[in-house]
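In what follows, subunit A forms one complex with subunit B and a second complex with subunit C.
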Partner chain A sequence: MSNNLIDFQKMSKKRIHIMYSFLVIFVAIIIIQLFLLQIINYNTYKNAALKSQLKQYQIPAERGLIYIEGGNGSQVPIVLDQKLYTLYADPSFIKSNAAANKIAKKIAPIFNANPGQLTSLMETKNTRYIVLGNKLSQAQSQKILSYQIPGIGTQGQDYRVYPEGQLAAQVLGFVNQNGVGEYGIEQAMNKQLAGTPGQVKAVTDASGVPLAANSKNVEIAPKNGDSLVLTLNLGMQSQLEKILAKEYTATKSQGLSAIVMNPYNGHIKAMANFPTFNPANYQDVSNQKIFQNAAVDDDIEPGSTMKIMTTAAALNLGVIKPNTSFYDPAQWTIDGFTIHDIKIDGGAREQNIQSILALSLNTGATWMLMQMGGGQIDRQGINNWYEYMVNHYRLGQVTGIEQGYEAPGFVPPPNMADPSIDLRYANTSFGQGVQLTALQMAAADSSILNGGTYYKPTLIAKTIYPNGQTKVNPPKVLERNVVKPVVGQEMVPLMEGVVKAYLYGGFSFMNFPSNYIVGGKTGTAQLAQPGGGYYKNIFNGTYAGFVGGKNVQYVVVVYNIKPAVPGYAGSYGAQPVFADIVHMLINQGYVTPR
Partner chain B sequence: MTYSSSLALNRNRYMTKNKNSVSFNVSRPKIGPISNTILLVVLGCLLGLLYLTQVTKTDTYGYQLNSLQVQQQQLETQKQNLEVSSAQLQALNTVQSSKVSKVMTAVTPSAVVPN
Partner chain C sequence: MDLGRKHQPDYWIIVICSILLAVGVVIIYAIGPALKVTTNLSGSYYTSRQILAIVLSIVAFTLTAKIPISKWRQYSKWLVVFALGATFLAIILPVNPAYPAHRWVRFGSISFQSIELVKFAAVIWLAGFFARAIKNNTIKDFGKTYKPLLILLLITGVLIAGVQSDLGSTAVLIAMMVIMAFVAGFPLKRIFALGGVIVILLILAIIIFPYRRARIESYLHPSSNCSSASGYQACQALIAVGSGGIFGLGLGHSVQAYGYEPEASNDSIFAIYAETFGFIGSVALVGLFLALFNRFKNVAENIDDEFSQLLIIGIIAWLGTQTLINVGAMVGILPLKGITLPFVSYGGTSIVFSAGAVGLVFQLSGYTKRNSLSQNDNNKRRIAYEGGTYGRRIGRSRNPDLSNSQELEEK
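Up next, the complex of A and B:
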């Protein structure tokens, strides 16, 4: 073998060894690098990768819907959800006036917009987001998007929709732009209606689309909100609102509220106030007080409608009978002040329980309070009356109805440091110095007329869960033995007597068919002045009554705030509203005749 | 040295006395270190390709699923819109302002009897 050949072989081997060594080193470097990347710095890179790939999305829960009773057991939706679209433009994509004009002419007819306005909006400087239109339908949105105009887009958002317009607006409330219920049932039941949003944590691609098959993905499904079926009756509610709108003008009222309640289960069948608003356009309302359900949120001194409770308490204590007579001196002097009747009905003379109610004798109510004690206004009488107001009729505390901002009212505590406590309590017997909402009055009078059971007033008849299951809301008893059943029976003819007295007194609208029972009581309340005392010429009118056939079927309460009527606010401001409501209930067949 | 002589030299290495030279010519194929490495790399690439195919396959399912979810949402929105339209058509105001109700006449209830 020649030396050359041996050298060549050696050289080849050497070259191969060198190349092999390079290769080994190269592979070793890669392995080391991989080791560093995947073992040593594993967590760092994993976290960095996840940070850019793993995205978290909230899946909004669908808000529950609201239905009301439509008659014959049907349910009518009055609050629905609908996805509507906001049309926006990014002006940086629209380069010239001509381009903006061209786009405006193309899209304006789709949602009945003014092309000129759209053009000027699209020419807005120093912004990349300008809203061109709100609440576009899905079809409108899709049509605009189909043009694929650079810089024009739509964004979907769920809105509450009200097919019945402003029906029961203050009972419903509304949902604000953050998806939170405000006022009414939307506020009180917000948690239950809203449900719980779900969550998606997913590894996504560069454009943010979740990649389904990844062990890092976490998906928690949203829990949709419950839907509610209200106790309100569609026809009754609608008619009630029409009556209030008419009487608001007729009585030149500053605010009118009314409630129709079933006294045997606490169900509110109709509840309305005037003025009202359209919840679909709540943002256009400047006076926020209109959002409040005044029948629940506004407590006022009710005036003589309180005498229903005073009479029932005295009857229940056994200190009077329905036919008890007494000598009415026509005025009482208590703590240096004189209580006299707002109506002068012949001065001092023999009176009875029926005439106390029919003539609305403040001296008569004061006399009943005296009978609750030792024949005069004393500690025993005050304590007894306080016990009835607070622990029997549940005044001075919220009823717990499913409404936002419910007012508790006010009952003066008997031990309050007031040198005129006797006078104060004498006033409460005829509805001054004590504050009640229309709802508190309806619930308390219901507890008397149904024979002594105080049901929690409620607006919810049923709950419909997202899985379709339904739960009926059972009546909730808050107080038993408010009065004895016989007292409820005794109060019916006494209150009927008041209606008849007005009819015979010339109030022809208080004429009701003889196969129905209708009873009630007017109230004309003076308004307290901020500095003490009462205004001389401003009054609130109230009315509490019932209608039924064989038995009492509905309790109706009306509050008319500062009506400008030629007479007592109760008789001329609230009583006509009560009459209209009762006529409506009878004529529409809501009351079963005897 | 020519190419044929080098081959001859190569053969000579295996030649010994009294042995059939033909049998020496049968040489087993050998894989050198470079080929070995290349083969390993190719194999690694193939495995990587297989892995990528599987991963992208599951991701494709993800896109399909996403597309179906979008479709489902669109259908739900359509259902919602139809429910709203239905409720609006049956609303009291719509019914009251309908042609049918406009030609209706109010009836005084016969049940109202004056006292």
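Up next, the complex of A and C:
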């Protein structure tokens, strides 16, 4: 046995021990580290794991559809839903340029995309979500998903479709890219239409697909939105829109709105404005003002159409009778200002209630306000008239119609610190210094003409729940004793008289078949100038009227903003529009004759 | 070379390795659905291939356990030639675009990783190299021992770390060389000098290849780098291990395997195992490896033949380093290396050659001088022997030289 081998035996034993000790120490370090990771810091890693593994998804609820009345009790869809798909990639799954290229070549032809562009999108750094394509059809989406490419997915999104084109666009509004309704009924009824999205909380694989049967999974089913059947009538609405488009040009208008309302339940049968927009391409609209339903959202000083309300209030207070006559001095001096009529008809002379309306005498309206007090403009008269405007006719507050951005209008408070409050109130009796939307006027006049019940104006006839059940929207009474029923009956012939007076005055378009009743009132409103006073040559034309057979059947209100007509804006700008609408209603058989 | 009389080998080695192999198959089977999601190949594909690998490994084990050690030593030169040839083939042959490193030799549908053959050949050849140096007393000779080692190191550095870009296996080979040299009685000064050279090479490798720098960085700041490509795997491994808690999520409930932790069935299988079986299971698995190496060490300590001893030490260095590097990376105390966990990770080549190495140790465990494989065993046997029921005297070498040394020691 050589020495070196003996040496080796001695030494190797020792060194094997050293080596093995290192191994044991290292294993001990690993066990300590396992202890730290799995026991001491367990919660940290558990949470880190859940943070990436437990994903929360919304299951989108289906948005409700919108129908309108199609005649004979049928319902016609006016807003439908279509599911389209967003194609996305999670670039962390796409490891190389070659892989991205391969995927791009495979999927690009399916939705006519540029493969090069897709490749570069898929190589986007530092993101886990990049959109590759929008608005893919279901077939395209399914084809792409069938390839089961890791990191490529699609996401369904609902888009609104409008089978009737731009019909009632401003009433409907639209749904923005985030699925939120904007303007019109989509905004006002957003919550009900949208429903409640469901939720999935699930432990998923890295690409986000939930793992089956994990105890941490939670699923809440979505509640789909309700569908709505509007009170609008398809035929009436489309005819109205045609009329407005035509008259907008004919009267060189800067904005034309009209409402056809059923005075007995507050149902809006037709409501439109011109200009309008196409809700399918709402993105293309540059002037957002056009999204608004001006008939609801814009309040103006209405002018003499207000006299319907003044007369009805005075009649209801019993301070005048339909046949009361009085001496018209042709002008009043109030607070140092002179009130006179826009057109001077023969100066001071005997007048009556019918002629106040037919000739649109501002002095007459002021006189009626005086009668509401102690025979002149006083506190009692102002308070009485304010009470009628605000609490009977519900002016100065929103009606609550299912529309976005409804304007409340404006009624000057009687206690406002204004030295010329008397003059201000005298003005309100003929529609200046008070602001109303077309809808407020239609609703208030409806409450007079139906005999004193103020119905909340509404666009919703029925609600269809996701389970298929329908609920009829009952008329909602907001005010019961606007005027006595007899006042409504007295107002009909007075307003008919105005129509007759215009017919005899040469407005041949105001000639309606004798088995129908048609009444109304024009308004030529001055526009307030910033800094006080009124413009000299710019007017808004308004018209408030009704059509019926035995009874009043529809209340029609027209607002024509700054028409350029050779005469009074009310008579020449708004009245012809009213006449067109009433002729249409009669000719199309919407009105039952006497 | 005379190993003396053969006695009963250490069957615990087979038991432990079988448990490790079974753990691997069970985990791979359990994450089958996840593998299907991440790789589009069915779980049974992986399980059946792993079982096939185990069948092949039994063949390899039988061959190495049966063919006498002396033959392996005799033909180790040819094994080295064969291994180098395979390495060159791997480098020359076109690569699979999915795994662009030049590490695979493919013949049609059969493919294997040349590095596993290199480790197997190297461990036998090195044992012979050092045994010869001991016998000729040239272990401290610069020209005859130190220089060839340096050259070998250089070749390893160029071919494995450089061309094949396999730093993990390079580490295993270097550990093998250094530990065998250490046990062979290499002067400590030279080992430290060798260590210095290795550190310099390592730094060079890190500087030259930017992805390694990124790995080091992500190793230093694992949790801050979960979103970066280089730190993602390490971070997800920590999440997998940590979220396992004390008892684990249970078999078949791994979530990290579903695309979060890359290489769930191969390099990262320990993380998935730790997530599944928790702290208790992880300690048990690590303990199982330690027990295996303990059996190996006992054989090495009690064998009189220096070649055999060095061979076992080399195999411990090989499988031990590989285990520590793999597990160390999964628990975040070492940087990530693309290296498998012996017997557990999916992958045929690693299993077959590891089993081959274990077969060699198993064969040698039948030739220990005292059957002192564990204190417990020892006591039992001593009692049995003293009681006279143990029929033959075991383990005593008949090699006169070694007998002498034994006696000298006992004096």
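In this section, the second predicted complex is superposed on the first by the 455 of 594 C-alpha atoms of A that agree within 3 Å, B and C clash if a C-alpha of one lies under 4 Å from a C-alpha of the other, contacts with A are read in each partner's own complex, and residues count from 1 in each chain.
Rule of thumb we're sticking to: a residue touches a chain if its C-beta (ideal position, glycine included) is under 8 Å from a C-beta of that chain, and two chains touch if they have at least 3 such contacts.
Please read all numbers here as calculations on a predicted model, not as lab measurements.
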item	value
Partner chain(s) touched by A:Y42 [first = subunit B, second = subunit C, both, neither]	second
Subunit B versus subunit C as contact partner of A:Q283, first or second or both or neither	neither
Touching partner for A:K83 - first (subunit B), second (subunit C), both, neither	first
First (subunit B), second (subunit C), both or neither touched by A:V209	both
First, second, both or neither for A:Y20, with subunit B first and subunit C second	both
On subunit A, the residue positions that both subunit B and subunit C contact, one per complex	1-2, 4-5, 16, 19-20, 23, 27, 205, 209, 211, 214
Residues of subunit B defined as touching subunit A within the complex	1, 6, 9, 32-34, 37, 58-59, 61-63, 65-66, 77-78, 80-81, 83-84, 87-88, 90-93, 109, 111-115
Subunit A-touching residues of subunit C, taken from the complex the two chains share	34, 37-38, 40, 97, 134-135, 137, 139, 179, 182-185, 223, 226-227, 238-246, 255-256, 258-260, 274, 278-279, 282-283, 286-287, 289-290, 293-294, 297, 300-301, 304, 306, 309, 313, 316-317, 320, 324, 327-328, 331-333, 400-402, 404-405, 408-409
Residues on subunit A engaged by subunit C in the complex (per definition of touch)	1-2, 4-13, 15-16, 18-20, 23-24, 26-27, 29-31, 33-35, 37-39, 41-42, 44-46, 48-49, 52-53, 98, 126, 148, 150, 203-207, 209, 211, 214
Footprint of subunit B on subunit A - complex, ascending	1-2, 4-5, 16, 19-20, 23, 27, 76-77, 80-83, 137-138, 156, 161, 163-165, 167, 205, 209-214, 234, 238, 503, 511-515, 583, 586-587, 593
